[in-house]
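Two complexes follow with subunit A in common, the first pairing it with subunit B and the second with subunit C.
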Partner chain A sequence: MLIEAALSGLILGGMYALVAMGLSLQYGVARIMNLSYGELLVAASFSAWALFTGAAVNPLAGLLAVVPAAFAASWLVYRLLLAPLVRRARTRDALEVDTILATFGLAFVVQGVMLGFFGGAYYSYGYLAVPVKILGATVAVNRLIALGVAVAIGLALYFGLTRTRAGTAVRAVAVDPESARLVAIDVRATAGFAFALGGALVAAGGVLVSMFLTFNANLGVLFTMKALIVVIMGGVGNLLGALIAGLLLGLTETFVATWVDPGLTLAATYSLFLLVLLARPQGLFGGSGR
Partner chain B sequence: MSGRALAWGCGAAVLVGLLALVPFAADDYRLSLAISILSYTVLATAWALFSGPTRYVSLATVAFFGIGAYAVAVLGEHNPWPLVLLAALGIGVAVALVVGLATLRLSGVYFVIFTFGLAELVRQLVTWYEVNRTRTLGRYVFLDIGPAQIYWQLLALAVMVFALGILIRRSRLGLALRVIGDDEAVARHVGVNTTRVKVALFTLSAAFMTVTGAVMAPRWTYIDPAIAFNPVVSFQVLIMALLGGAHRLYGPLLGVVPLTLLFDFLLARFPNHFIMMVGVAFLLIVYAIPQGIAGLLERALGKRR
Partner chain C sequence: MTLRNSIRTTLAAASLAALAAAGAALAQDIKSIKVGYAISKTGPNAGGAATTNIPQYEMWVKEVNAKGGLMLKSVGKRVPIEVIEYDDRSNSEEAVRAVERLITQDKVDLLFPPWGTGLNLAVGPVFNKYGYPQLTFSAVTDKAPELAKRWPNSFWFLGTSKQYIDALADLLAKARKDGRINGDIAMISIADGFGIDLASAARAGFAKAGFKLVYDKSYPIGTQDMSPLLGEAARSGADTFVAFSYPPDTFALTEQSKVASYAPKVMFLGVGTFFSMYPEKFGPGVEGITSLGGWAPNNKAVLEYAKKHQEMFKRGPDRWGAVVGYASLQMLEQAIERVGKIDRPAIIKELQTGTFNTVIGKMKLVNNMPKDAYPLIGQWQKGFYAGVAPAGPNAAALVIPKAPWK
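Let's look at the complex of A and B:
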C-alpha cells in the first residue's frame, strides 16, 4: 500500500513537475503570468483522446503532433495577444495586471470552446492499461511510460537550457532582460520562444496525463493552480526546485487521497501552499525574495 | 456641508427613493432583471473598492458570494433572518482575513494565485463536508422571502457600499490606498502600514460579497456547491468592473447595467456558447478600453475643461 501510493505519487508528481517547468519558463523568462495554462493542458488531453479514438493514433505518436502544434499556438498567442501588452506596459507590475486579465479571459474562451465541443462530461481512453508489478506494488504500464517520457523531456530541457547557446540566452533573459539586451540577445524573440516552449511542455504533460487520468473541460483551473503553486514552491525560474516541489505535491496529494480522503486533495495542496507562503515565500530553494 | 454636496445628497436620496418603488411597478421578469443588476452592482462595486485603487486583481468573488449563499442554505431554516445574515457575514470575514493575512504581506502575484483557486477550494471543502457529514449534496432553500424583499435588501446594500466608498475615499485610509496603488514602496516609506490597509479593505469588500450571496440565496430554491461556487460569477463581476472602470466608485455601475442586459440576452439565446462569448467580450475590453467607460468619459470631459 505504501509503495503503491508512493509510486503513483511520484508519477503524478512527475507530471506536475513537467507542467510546472513550462510555467516557470513562461513566468520566469517571458514574464507572463499565464492563467490559461491549465486550459492548454486539457486541450492537449482532448487532442490526444480525439487522435486515439478517432484515428487510432497512440498517444506517444500523438505527442509528435500535439506538442509542435501547442508550440506554434503558444507562439502565436504570445505574438498576437501578449506582445502588445508587453509593449503597452510601463512597469512590470502593470504588465503583470494586464497579462493576468488577458490570460484569465483567454482561459474562459478556450474552456468555452472545449465545452462547446465536448460538454462537461468526463473523458478517458484505455491505452496500455496493463498492470505490472514493481516492488510488490501494481502499476499500469501507461503510467510508467508517462513518467519515463516526462523524465526524458525534463532532462532534454535541462541540458538544452544549460548546454546550448539558445538555452543560455533564455537563462540570461530570465536573470535580467535589460542586461541581456546589452550582450546582443533579442529579448523579445527569446521571450516568445520561452513562452512557446512552455506551451509545448504543458501540452506534453496534457497528452501524458490523458493516458491514465480522466479529464473534462473544467479541469484547467486546477492544473493552472497546481502548476502555479509548484512554481512558487520551487522558486520562480528554478527548474530543479520545480522538479522537487512537483514531486512533493504529487506525493502529498496521493497520500492524502489514500489515507485521509480523496475529496481533500485540493485542501492538501492549499495547505502546502499556505505553509510555503508563511514560512518561505521566496520558494523552498529560492535565494532572496523578489 | 457645502451646497453642492447637499444637492448631490438630495439627488441621491430621491434616486434611491424612486428605485425603491420598482417592485410595485415592474412585472416578474423586469424585477428579476433589476435584482440581477443590483446584485452585480454591489459585487462589482465591492470588488473595485479593493482591487481598483490597489490594482490587486481578486479572482475570488464567487468564493465569498458562495459562502454567503451556502450559509443561508445551511442555517436559514431554523434561525431568524438577521442572525443568518450576521453568521454569513462572520464566516466571510473570517475567510477573507485568513486569505488577506496569508497573501497580502507579499507581492501581488501570491494574492492573485491564492484567489484564483479559492472558489474551487471552498467548493471542494463544502462538497466533502456535505458528502461525509450530512450525506446529502444539495439543499433546498425554502424561506419566506420574495423577490421584492430581496430587491430592497440589495438596494440597501448598494446604498451602503456607495456610502462606504465615498467615506473611504475621503479618509486617510483612501489616501493610503491610492498611494499603495501608485507605488507600494513609497507608501511604506511614508509610514503607511500597507499590509493592514490592504487586509482591511479586502475584508470589507469580501464582507459585501458574502452578504450579497446570502441575500440572493432565496432566489434559488435548490442550491448545491456547483451552483453556489460557479466561477463564471467571479468572471462576470471582473468584466463589469473593468468595463465601467475600476478606478472610480461609480465606474463599475457603468459596466454592470449594459453587461447584465447583454449576458441575460446571450444566456437565453446561446446557452452553449455563453462562456466563450463572455471570454471574447472580456478580451475586447482588456485590449480596447483598459481604463473602462469611466476613463473614456474622463478623457472626453477633460478635453473640454
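Let's look at the complex of A and C:
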C-alpha cells in the first residue's frame, strides 16, 4: 500500500512538474509572467486530440509536430507581443505588470479561438491506458510516460543550463539582463529563446496529459494555477526545483488522500506551499543563482 | 334597400375593412418571436452547458424555423424565432444581469434557462419577477417542490436528488435480497453542488435501505488522480461502488479502474457516464456501468432524435437531461400554439395543466415536475444506455455483476 501510494504520488507529481517547467523557464529567464500558460497547454492537448482522432497520429509521434510548432508560435508571440513591452519597461516590476496584463488578454484570445473551433464540450481519447506492474503496484503506462518525460526534461534542462555555454548565457540573462549585455550576450534573443523553449515545454506537457486527462477549452486556468504553485515553490527559473516541487506536491496529495482524507488534498497542498514560502520565500531551490 | 340602410351597410363594411387592415398591419408587426438565453459559454459550467443545454436550444429553434416558425392563432400565421444569446461566464451575478438585460432591453418574448442547479436558482427570482416560464432541465434539487410552489412559473424537469437515490437504493436493495451483492457500499463524491446534494441524499437513502457506507469521502474539484480513492474503495470490500463525480473525474475513474482491474459488482459513476463520448472512448469496457438517466430501450422517437442530434452536432446527445430538455421545448412549443399568442401567464397555465406529446412520450406535469416520464437510473448494456429504474414496462433489468474490464 505504501509503495502503491508512493508510486501514484510520484506519477501525479511528475505530471505537475511536467506542466510547470515551461512556466519556470518563461518566468525565470524571459521574465514573462505568462498567464495564458494554461490555455496554451490546453491548446496543445486539443492539437494532440485532433491529430489522434483526425489523422490517427499517436500523441507521442504528435509531439514531433506540436512541440516545434509551439516553439515557433511562442517565439512569434514573444517578438510581436512581448518584445515591445520588454523594450519600454524601465524596471523588472513594470515589465512584470505589463506582461501579466498582456498575457491575461492573450489567454482570452486563445480560449476564444479554442471555443470557436471546439465549443465548450469535454474532449478525451484513450492512448496507452494499459496497466504495468512496478514493485507490485499497478500503474497506467500513459501516466508513467508523463513522469518519465518530466524527469528527463527536468534533468536535461538543468544540466543544459548549468553545464553548457549557451545555458550559462541563459542563466546570465535570468540573473541580470543589464550586466549580461556587457559580456556580449544578446539579451533579447536569449530571452526570446527561453520563452519559446518554455512554450515548447508546455506543449509537450499538454500533449502528454491529454493521453489521460479529460479537457475542455475552459480548463486552462486550472493548469496555470497549479504551474504557478510548483514554479514558485521550486524556485523561479530552476527546472530541477520545479521537478522536485512537483513530485513533493504529488506525494503529499496522494498520501493525504490515502491516509487522511481526499477532501483535504487541496488544503494540504496549500499548507505545504505556505510552509515553503515561510521558510524559504525564494522557493526550495531559488536564490542560489541570483 | 333604404338609403339609411345602405349608408349603415357601407359604414359597417368600411369599418370592417379598416379593422381587417389594422389586423393585417398588426400581424405584419410581429415579424419574429424573440427568444433569449444567457448560458455558460466559458468558465467551469461550459462543458455541461455545451453538452446538455445548447444543442437542444439550437436544434429546436432550427426545427421550428424550418416549419416557418411557431403558429400563432392570434395573427393567423407562423412566426419565425429570433435568438439572442449571452455568455454568463459561469457566474451567477453575470447570469442575473444578462437575464435582466434580455427582459428589459432586448424585450425578449421567451427565455431559456441557464445550465446547472446553481445558476437556475440564481436567475429564478428574475424569471419569476417578470413572469417568464423557466423550464429547467439541468438542475437537480431537493428544493424543487418548494420552489415550484414559490415560483409557479418555474418547472423542474430533472426533479429531486431524492428520487434518483430512492430509485438506486431500491435497485440495490433488491439485488442484496437476491444475494447478488453484499450490504456494503463505498461512496465518493465531488465537493461541489451536485456531489454534495446527491451524497447527502444517498447517506440517508442507503441507510434507510439497510446499507452500510464502509467508505464515504469527498474530493475537491480538479482532482486529477483518482487512484488513492479507488484503492481505498477496493480495500473496503464493498460490492457496490458509487461515485457522484463530474465528467473529468468520471473519465479518470473509469480509466484508472480499468488499469487497476477494479470491477466491483455494481459500479455507479456520475456525470459523463451517459455522454456519447463515453462508450466511444472506452469501447466495450463500459458494459455494466451504471449512472443517472437512461433511455427506454423500446422508444424509437428517442433514437430518431439522437440521430438528428448526431447529424447536427457530430456527436450524440447525453442520455440524461438532453432528451428531457428537448421534450420540455416541445411542450413549450405546443403550449404556445395552443394559447395562440405570446401570453406568458396563459402559457405557464397551459404547461402546468396540459398534456403534451413529446419525444419521450406523453407528458403531464404534476406540481410543475414530470412524474415517471423517463428513466432515473441507466446502465450500459450491449452498447445501449438502457434505463433500469424505476421498474416498469419501459425499463430493462439491472445486470449484476458488472462485466470484467476488457
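Throughout what follows, the second predicted complex is superposed on the first by the 251 of 290 C-alpha atoms of A that agree within 3 Å, B and C clash if a C-alpha of one lies under 4 Å from a C-alpha of the other, contacts with A are read in each partner's own complex, and residues count from 1 in each chain.
Following the convention adopted for this analysis, a contact is a pair of C-beta atoms (placed from the backbone, for glycine too) under 8 Å apart; a residue touches a chain by one contact, two chains touch by 3 or more.
Source: prediction; values computed, not measured.
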So, A:138: does it touch subunit B (first), subunit C (second), both, or neither?
second
Is A:115 touching anything from subunit B or subunit C once the two structures are fitted on A? First, second, both or neither.
both
Considering only touches as defined above, state whether A:214 meets subunit B (first), subunit C (second), both or neither.
second
Look at A:261 in the shared chain and tell me whether it touches subunit B only, subunit C only, both, or neither; answer first, second, both or neither.
both
Taking the superposition on A as described, I'd like to know which of subunit B and subunit C A:98 touches: first, second, both or neither.
first
Just checking: does A:274 make contact with subunit B only, subunit C only, both, or neither of them? Give me first, second, both or neither.
first
Can A:222 be said to touch subunit B (first), subunit C (second), both, or neither?
both
Tell me the contact category for A:89 with respect to subunit B and subunit C: first, second, both or neither.
neither
Looking at the overlay, does A:106 come into contact with subunit B only (first), subunit C only (second), both, or neither?
first
Residue by residue on subunit A, keep only those touching subunit B in one complex and subunit C in the other, then list them.
111, 115, 222, 261, 263, 266
Subunit A residues touching subunit C - in the complex, by the definition given at the top:
1, 4-5, 8, 11-12, 15, 111, 115, 119-126, 129-131, 138-140, 212-219, 222, 250, 253-254, 257-258, 261-263, 265-266
Interfacial residue positions of subunit C with respect to subunit A in the complex
40-44, 46-47, 49-51, 54, 90, 188, 191, 217-220, 222-225, 227-229, 231-232, 247-248, 251-252, 255-256, 258-261, 272, 275, 277, 281-282, 315
Subunit B residues touching subunit A - in the complex, by the definition given at the top
55, 57, 59, 102-103, 106-110, 112-114, 116-117, 120-121, 124-125, 127-128, 131-132, 231-232, 235, 238, 242, 272-280, 282-283, 286-287, 290
Tell me, which parts of subunit A touch subunit B in their complex?
33, 35, 81, 84, 88, 93, 96-98, 100-102, 104-113, 115-116, 221-222, 224-225, 228-229, 232, 261, 263-264, 266-267, 270, 273-274, 277-278, 281, 290
